[in-house]
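Note that the chains take the letters A, B, C and D in the order they are written out, and that residue 1 is the start of every chain.
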Amino acid sequence: MVLFQCDYTEGAHPKVLERLVATNMEQWSGYGEDDYCRSAADKIRKACGNESLAVHFLVGGTQTNMTVIDAALRSHQGVLCASTGHINVHETGAVESCGHKVLPLPSGDGKITAKQVEEAYLGHINDEAHEHIVQPKMVYISNPTELGTIYSKAELKALYEVCNKYGLYLFLDGARLGYGLVAPDNDLTLQDIAENTDVFYIGGTKVGALFGEAVVMRNESLKADFRYIMKQKGGMLAKGRLLGVQFDALFTDNLYFDISAHAVNLAERLRAAFEQKGYEFVAPNRTNQIFVKVPDAHLEKLKGEFGYSYDHRVDETHSVVRFCTSWSTLESNVDALIGAIEGLK
Amino acid sequence: MVLFQCDYTEGAHPKVLERLVATNMEQWSGYGEDDYCRSAADKIRKACGNESLAVHFLVGGTQTNMTVIDAALRSHQGVLCASTGHINVHETGAVESCGHKVLPLPSGDGKITAKQVEEAYLGHINDEAHEHIVQPKMVYISNPTELGTIYSKAELKALYEVCNKYGLYLFLDGARLGYGLVAPDNDLTLQDIAENTDVFYIGGTKVGALFGEAVVMRNESLKADFRYIMKQKGGMLAKGRLLGVQFDALFTDNLYFDISAHAVNLAERLRAAFEQKGYEFVAPNRTNQIFVKVPDAHLEKLKGEFGYSYDHRVDETHSVVRFCTSWSTLESNVDALIGAIEGLK
Amino acid sequence: MVLFQCDYTEGAHPKVLERLVATNMEQWSGYGEDDYCRSAADKIRKACGNESLAVHFLVGGTQTNMTVIDAALRSHQGVLCASTGHINVHETGAVESCGHKVLPLPSGDGKITAKQVEEAYLGHINDEAHEHIVQPKMVYISNPTELGTIYSKAELKALYEVCNKYGLYLFLDGARLGYGLVAPDNDLTLQDIAENTDVFYIGGTKVGALFGEAVVMRNESLKADFRYIMKQKGGMLAKGRLLGVQFDALFTDNLYFDISAHAVNLAERLRAAFEQKGYEFVAPNRTNQIFVKVPDAHLEKLKGEFGYSYDHRVDETHSVVRFCTSWSTLESNVDALIGAIEGLK
Amino acid sequence: MVLFQCDYTEGAHPKVLERLVATNMEQWSGYGEDDYCRSAADKIRKACGNESLAVHFLVGGTQTNMTVIDAALRSHQGVLCASTGHINVHETGAVESCGHKVLPLPSGDGKITAKQVEEAYLGHINDEAHEHIVQPKMVYISNPTELGTIYSKAELKALYEVCNKYGLYLFLDGARLGYGLVAPDNDLTLQDIAENTDVFYIGGTKVGALFGEAVVMRNESLKADFRYIMKQKGGMLAKGRLLGVQFDALFTDNLYFDISAHAVNLAERLRAAFEQKGYEFVAPNRTNQIFVKVPDAHLEKLKGEFGYSYDHRVDETHSVVRFCTSWSTLESNVDALIGAIEGLK
């Protein structure tokens, strides 16, 4: 059985693992105050083209989202996001458990627009009873989104402009950031993202690390005391050096981007095979996730051999499922899947 | 200027106030442990036809909603409600501030159905990733709803049946309960409500009291330690006797229902005048709230003399506004408003 | 049975009640946006000698404490207070329910000192692991304290100086403020308090009102969006005018202070009788609360006729109990209690 | 510079790391639903002598404490612990951030007694105002404690008996469990702990793993929906297999206990050298932590070469510091430290 259901089925990229092994018996202070964390942070700042960025390392995505959002918001403030946003649907209410309402905006493709944000903000502030309503104070977007789509540079700039206009924080969840930055149709750089958000993170868990997310903060008002809140939310790893070592490896010799490109190239091949077969895509994109409408009869034949993730039923005979590639996907497995698809009748 | 914008523009019904004045210098223990609270609770139990109900008095609606919901739910559990539900839109995230996600269901008329609840529950439990999603554990409904509509006995019974089937609590917000129970098209009694919910409350603030909501609990598992949580949420009034005295008065000689009928009768007259004028109703109902689509030109002429509450813009020349009557509405003011409407051109 | 167990056994002072009755059928907008709230706030600002103060009205003390504290603190910040502080012991964890740790400092008399605050702050900041420890950000004091003692002007100034030095908020709980300000040994004015705190409140519940606490804020950074948080915590009374009317009456013709003096004068008489009898005082003070060590044999004789509040056992034959006077205490009842005490053998 | 300041300065035990490397490219489902997690849980159940235990894997200690405690308590309930308890002092208020008050009991040696728990419980329940006070519902202990001391079998049984008598949960934090179980003066087995607690955890972070804590639950009422709450608190690792692989290795061939014994043996040698030098111990114990009172002049000479953790100042010329050993401590480093100490004048 070959798993295509998600992008975290293997451990770490060999070069990352190698560094963990090589440094295993070194002695370091805990909680991220070691040379590897310092070095990794420096490399990330350099890659982002801004030496004054604050960089912190956390373990996982839900933890990162709740920590950043709780650090930013006061009690009565909420966070706008796409209705499909990870914080809205797949984190068991982590944001609400910190006391904050998630304010979903309708979205078909996982993205939201500057116009939607502006309307939501103005709708709030112009409501006579606005003190009775949660105040929007942050905008959460994912890039790539939960549906694999990406923001263009123009879209991100427009969002950030609206956020600045109304005093909202813009937070970009980059759990799969690598796969977005190397997509053939992407025009955003890491620098663009650092310049057009208040805070974002670079996902390691899904892009080559055993685990780990690197939070990058540009907005000064978010920087204060962030480590206290990391600790409070259970996100300050005792052996913080594990995160430093991994991100240091990922940001050495372009590794983060090269392994992302591997995943995207294989996804392109899969996508072509699906297209050839006449399957339709949901939220078409060119990153590592493919949401595709497949006859149930075909799924039945694939399911013993290939793992995919079931999304939803379309009609009596069709379903939408997700296939993912990742840095660890073997070309031979993609060949096998393409072969199997071509052979379906 | 005559205010029709809401149903809490005056103080208390004279008979309620009279009792407060008469008992003012009596000495009583605090926190609801006085004879008036005991007596009021007994009268409410009797009116509900069930002597084993637990009755608690709180000060206001938001406080009551957050206290009941927080008392019932564990961290990972959420509460289903209509998208228009008061807890979803007009409590500044009070439920989320207690750590719980509000799970809105689409609703055009303020109501939700047993079928919607069942689908939401099954959708959750059948999702492979259900542990990553907030677990629905309570259903919150309002009767009358925020749009003035009411549940029929059959609808409430169907909801409660589904809740029981899946282990969900059913909680009915009765901030305007009186106005629903006396509506011409209502077929629910107080006893029906007590039998077909796990917990509900009888609103005093909008129905004759200075303030106060009487929580009525039938489900044993909700009763334990409720007073601790009342205190924690700031809802245990030091001079609890004020709540006891008021509810005792309201549940003496049918007062609660008689004054509700007064409001509903006046609303019927207003509604007839609006209909006569050709205005259309949003979520038609026969309780004390009227949501009506009015030409902006007409509003312009009314607004110096009559207070209403602005709801939303329909098109370039029309808006939806709300007119409310209450126990305190003067017939002469209704006459004046009707006259003004008839005179509009 | 005459109750001396607390200072909220009766309703409202007749002059306050009279105003509620007189204004009962007036129509006003809700949520504190009425002329009475505006007038009361103006009178309070004037009494405090500062026109730029923000004044908000809430219903009860626990609610006020949790709302002010939650409005002020970020997630990782806590509030220093005496170990006997109301927020630490008698609010069922309301502050913790908002996510904040209460940081108790040892106190024998209900008070804390500038030196204790400074040591706590420096102890925190100088701890290598301070990011793993809740950060002190606010100091909560009560005046009078839970034991009836009061702060001198010099003590309050010293506390505020330390708070300013280290960026801590100083919050004074004035649930019984009137009884402190008129104590024979008091040297603090309302103006002094307004000048030497960031936020404080003037208690109504225990000093002449049916209920209500008036929050007074001087620190600009606390003012923003406070009404949102009042609403979220269930503290924004629908008929806010009830609070405005009451505080307007209390701050007319010196009423608040005159009725406080009534209570303190009677407490002085009781205290003299206790002293005469040879009883010892816990945390000696000259406000309206008397904590006194009494032989159990005496308590046994008093308890059918006079209500007191049991505090704790001292030894096998003595207990500490509390007697309170208030604005509503009848001189004749005090005479009776003194007579009973004198007659004890 | 050789670090003795804590027990998490290195990575993982070579046998643990080896297994991570060997399984790195295997494909597994996420979130702990893999064969390694299942196998590790089985081995732990077997070691605990109870096949019906629930076993869950989390990443770190603070996260584990907050997740377990939040899963167990309702809003108004708190957790009793030693004043030195990790949750009380070193988790930046994580428990309070979930809404629960930590209820500290005085402790000189890091332990609390059954008698203290009973008194605290009875003190609460017998207080007339108990509804105004946080309700004790859980007892948190650490074994070894934060001071390195351990509970005897009799002490643990007495605690559990009191907990059962009053309906309290007993939760044992085993972040350093291995070092306690192999202490020369220990009489507790893993089975004893499993039988005499409702829930406990086996620490991996400090005992051979890169990270990871294994929660073991016996009480049925704690088991329900625990994974939801793990996810909500950010504690459900995407690549859960990393935890399974590590604990599987630790519970193979007695590894967990053997490497614990290594640490304790070296601590015994250090302790003997300290004693020889005339240093006094704080909270004497025979586990891997040594709290020792040292002349500042000596510390001055050690500090360039040996890392220790500064605890507190005793007097003008003495301080208490902590030296730790761990599974990874090199005998040669211990020799060097002993030599240095012997050479101090």
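The rule we apply is simple: contacts are C-beta pairs under 8 Å (C-beta built on N, C-alpha and C of every residue); 3 or more make two chains touch, one makes a residue touch a chain.
The shown structure was predicted, so the numbers you read here are calculated from the model rather than taken from an experiment.
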item: Chain pair with more C-beta contacts, A-D versus A-B; value: A-D
item: Chain whose Cα centroid lies at the greatest distance from that of subunit D; value: B
item: Subunit A and subunit D: spacing of chain centres that average the CA atoms, whole Å; value: 33
item: Rounded Å distance, subunit A centre to subunit C centre (Cα mean); value: 50
item: Rounded Å distance between subunit A and subunit B, as computed from the means of their C-alpha atoms; value: 42
item: Touching two or more other chains - residue numbers and ranges from subunit B; value: 75-76, 91-93, 97-99, 131-132, 135, 228-229, 231-232, 236
item: Subunit A to subunit C touching residues, read off their complex; value: 31, 70-71, 74-76, 98-99, 131-132, 135, 225, 227-229, 231-232, 236
item: In the complex, subunit C residues that touch subunit B; value: 2-3, 5-6, 8-12, 14, 17, 20-21, 23-30, 59-64, 66-67, 91-94, 97-98, 205-206, 210-211, 228-229, 231-239, 241-242, 328
item: Of subunit B, residues touching subunit A in the complex; value: 75-76, 78, 89-93, 96-102, 128-129, 131-135, 309-310
